[in-house]
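Okay, so chain A shows up in both of these, paired with chain B first and chain C after.
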Partner chain A sequence: MKIDFPHQQFAHCESGVTTNLLNYHGFPCSEALVFGIGAGLFFGYVPFIKLNFLPLTTFRTAPGSIFAKATKRLGIEVKREKFRDPLAAEKKLDELLAAGRPVGAQTGVFWLPFFPPAYRFHFNGHNLVVIGKEGDDYLISDPIFEEPVRCPAADLRKARFAKGALAPKGKIYYVEKMAEQFDVPGAVTAGIKEVCRGMLKTPVPMAGVRGIRLLARQLEKWPAKLGDKQTLLYLGHVIRMQEEIGTGGGGFRFIYAAFLQEAAEILKNDELLDLSNHCTEIGDLWRDFALLASRVCKGRATITDSFADLADLLRQCATEEQLLFTRLNATICR
Partner chain B sequence: MKKEDVPQYSDLSAGCKVINYATDADGQYTLAQSAGWEVKDIALRQAWDAIDEQLREVLKEINAGRKSPLAYHMIKNQMDAALLAKYSGISRWQVKRHLKPRVFNKLSESTLAPYLELFDLTIDQLRVVPEQPEILLAEQERQDQVR
Partner chain C sequence: MSSTLEYELAELIINFCNVEDVSPSDIPSESPLIGPDSPFGLDSLDAVEVVVAVQKTYGVRIGGEKTSREVLQSLTALADFIRREKRE
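Coming up: the complex of A and B.
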């Protein structure tokens, strides 16, 4: 059986999954709007948490929060479940599909055979929608891909019960009941306020604008502390977190700029158009950083010549983001 | 980023296009497909090179009789003893013992069963290692060549 599901390709897995699910349930929206309402934009550099033995660097909030916050702010009732037993998890999924309900699921990437091998790493914060089952294959709408894909049940089981950091524990989520009406301006405002808070007013130095400055300071020390080889691995890891499939480019800064453009119309606030342009410029700065970093990784530029420039680019990003979110907060709270 | 600047460099993407957000001539944001960006590929290839190098080192150790073949399969699947323990349900100190050739060679098929199921290998496949590392990326590049 297969649910008639409007699959669309998007930049990011979780906001794409949420968008496709909301479109299916009769709330037409863009991915950027969902990303903005769900307050997906963030920065965090947490050197003492390691992912694949490299320090955690993130440009977004914790997995699951975009779906949770976007639906909550739009007044949509959802259900989330985790499982201990893989067979119970599969049975529940089959029951929901049989009842004609598309189901969102958190999975690891490593075990999904439809991913190109080059992208298969132990990253457990991936999201997709299961939209049917034929024989022993699940039919899947994965917003990273152009078309819906098939996945053998055994592989999906492994992916749903991937282990390690962010282990999904078979997590599924779905829309229980849509709202009668949607307060979109209210949801947009709440989403923007949260992002401003996360970027400007964090109690810890690892998050927000302070996190970017921390990364700049630490990055300058990498060559002396880690040696050349490890330094390049650390740098490559930051590029991947920023640009790897799923960010829409520039560590989500471009998708957020697209959201601000939409928000300008929804809130009838033209200042947001200016801020959207500013956000695009910041995304371009992040791209410059990635470009220079990749040249260093490839050996086209040397560590001694380039690390001060890389740290400077990061500090520029931090300064510009501080300016952007301060102005954004002011215009929203006015 | 402007729409005409969306990179279309394809090396490791295996024909999969991703979505980038970019502005059109009027400054409006649109969704643009990107075939890939060299910057991403450099970082991605670097990560695979690191795995390849780890595998070469572990193969040397296995051939020298210091590590068991399990160590090769563990690293090939990008795991360390802690992650392998979580996946196999075998305790971490036991996994570490199984990485020693002296212990590994005496293990029965039933003890090794969780590893076999996890890595989708037969017992004979688990007990041997190739001469050269085999990484997933190389498999993709072979497929690309056929295409």
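Coming up: the complex of A and C.
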């Protein structure tokens, strides 16, 4: 049994899954629009929460929130379920598939055999859509891949019940009922306001623009505090979170720039085009940071000479993002 | 190597990523650029270097929905992307 599902490859798993699901259910949209309405852009540096023994650094909101917020803002009814028992989780998935419903699922990348071994790592926030079952194989639309893939039931079970940080606990989600009408301008406006709030007005110093500055301050101290080996692990982790996890190098700032371009058309607001260009420039600035950091990790630049420059680049990113989101907030609230 | 652009890209990657003991003519056009099967021996950290080198040299940005994962599949994929972006 296979659902006729319009699989498309996208830059990031959760916004890609949401886009494919919404396209299937009759709301044609781009990944950028979903990412923007779902307020996916964020920055957080939480040194006391460790992912693979390294401080949590995130360039997006928590797993699951893009789907939840995008669908809510578009007035779409969805259902989310978690399970304790893997067999009960599988039974429910099979029932939904038998009813012809494509099902989103949170999984651990490490257990998915269709990922090349080099890309399998312990990250439990990976999203995909299950679109059918043939024999003992599930048919899967994973937006990271060009074509739908197959996954043995036993492997998907392990991936859905992977242990550790962000453990998925068998989480599935699916569309129950589409809205009859979509207030796209309203949803775009609400998404933008939330991102501005998250980046500018967070009460904790680990989030938004303040979080970027905190990372800059701490990063400068890493070589003296941690020693060379640990410093390089910490730095490599930041770049992987920025350039690799979920984005395949796309970079959330570039996706958000594409969203602002679409938002300019939807809201008939040309100022958003300028802000889109600014967001792309900020993406390039983050990439300059990643470039220097990767050179340090690869031994092409020295630790002693580079950490002050890396911290300066982060401070520039913070300054530019503060400017961008202040202007964005002003134009959207006008 | 099937075209000049692909040869140029192989040279660019070798220079930017300090790849040793490999000549541009040794690189099959369809081989993966990144990962354990890469004849350059590049990993995901090198991918950032390649993306920036391509942007600085050819003025095309690999970002947004056109991901580096897709574009960095092989020299052919990278060359096709640059040709397409230059035409637009």
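We adopt the following convention: the second predicted complex is superposed on the first by the 329 of 334 C-alpha atoms of A that agree within 3 Å, B and C clash if a C-alpha of one lies under 4 Å from a C-alpha of the other, contacts with A are read in each partner's own complex, and residues count from 1 in each chain.
Rule of thumb we're sticking to: contacts are C-beta pairs under 8 Å (C-beta built on N, C-alpha and C of every residue); 3 or more make two chains touch, one makes a residue touch a chain.
All of these numbers come straight from a predicted model, not from anything done at the bench.
Put chain B and chain C onto chain A via the superposition and say whether they clash or fit.
When both complexes are placed onto chain A, chain B and chain C end up clashing with one another.
Determine, for the superposed model, which of the two partners chain B and chain C contacts more residues of chain A.
Partner touching more chain A residues in the overlay: B.
In the superposed arrangement, which partner chain does A:110 touch: chain B (first), chain C (second), both, or neither?
first
With the two structures laid over each other on chain A, which partner does A:153 touch: chain B (first), chain C (second), both, or neither?
A:153 sits against neither chain B nor chain C.
Which partner chains sit in contact with A:96 here, chain B, chain C, both or neither? Use first/second/both/neither.
After superposition on chain A, A:96 lies in contact with neither partner.
Considering only the touch criterion stated at the top, classify A:121 as touching first (chain B), second (chain C), both, or neither.
first
Quick one: classify A:200 as touching chain B (first), chain C (second), both or neither.
neither
Looking at the overlay, what does A:251 touch: chain B (first), chain C (second), both, or neither?
Second partner only.
Given the touch rule stated above, what does A:166 touch, chain B (first), chain C (second), both, or neither?
The answer is neither, since A:166 touches no partner chain.
After superposing on chain A, check 3-11, 21-29 or 57-65 and name the one in chain C that bumps into chain B.
57-65
Would you tell me the residues on chain A in contact with chain B in one complex that are also in contact with chain C in the other?
Residues common to the chain A contacts of chain C and of chain B are 9-11, 31-32, 116-119, 144, 146, 236, 239-240, 243-244, 248-250, 254-255, 257-258, 280, 283-284, 287, 290-291, 294, 297-298, listed in rising order.
Can you check the complex and tell me which residues of chain C touch chain A?
These residues of chain C touch chain A: 17-18, 35-36, 44-49, 51-52, 55, 61-70, 72.
Any idea which chain A residues touch chain B in the complex?
Result: residues 9-11, 31-32, 52-53, 110, 116-122, 144-146, 163-164, 232-233, 236-237, 239-240, 243-246, 248-250, 254-255, 257-258, 261, 276-277, 280, 283-284, 287, 290-291, 293-294, 297-298 of chain A touch chain B.
For chain B, which residues are in contact with chain A within the complex?
1, 6, 12-23, 27-29, 31, 33-34, 37-40, 42-44, 46-48, 50, 77-80, 83, 86-87, 136-137, 139-140
So in the complex, which bits of chain A are touching chain C?
Touch residues, chain A against chain C: 9-11, 30-32, 116-119, 144, 146, 236, 239-240, 243-244, 247-251, 254-255, 257-258, 280, 283-284, 287-288, 290-291, 294-295, 297-298, 300.
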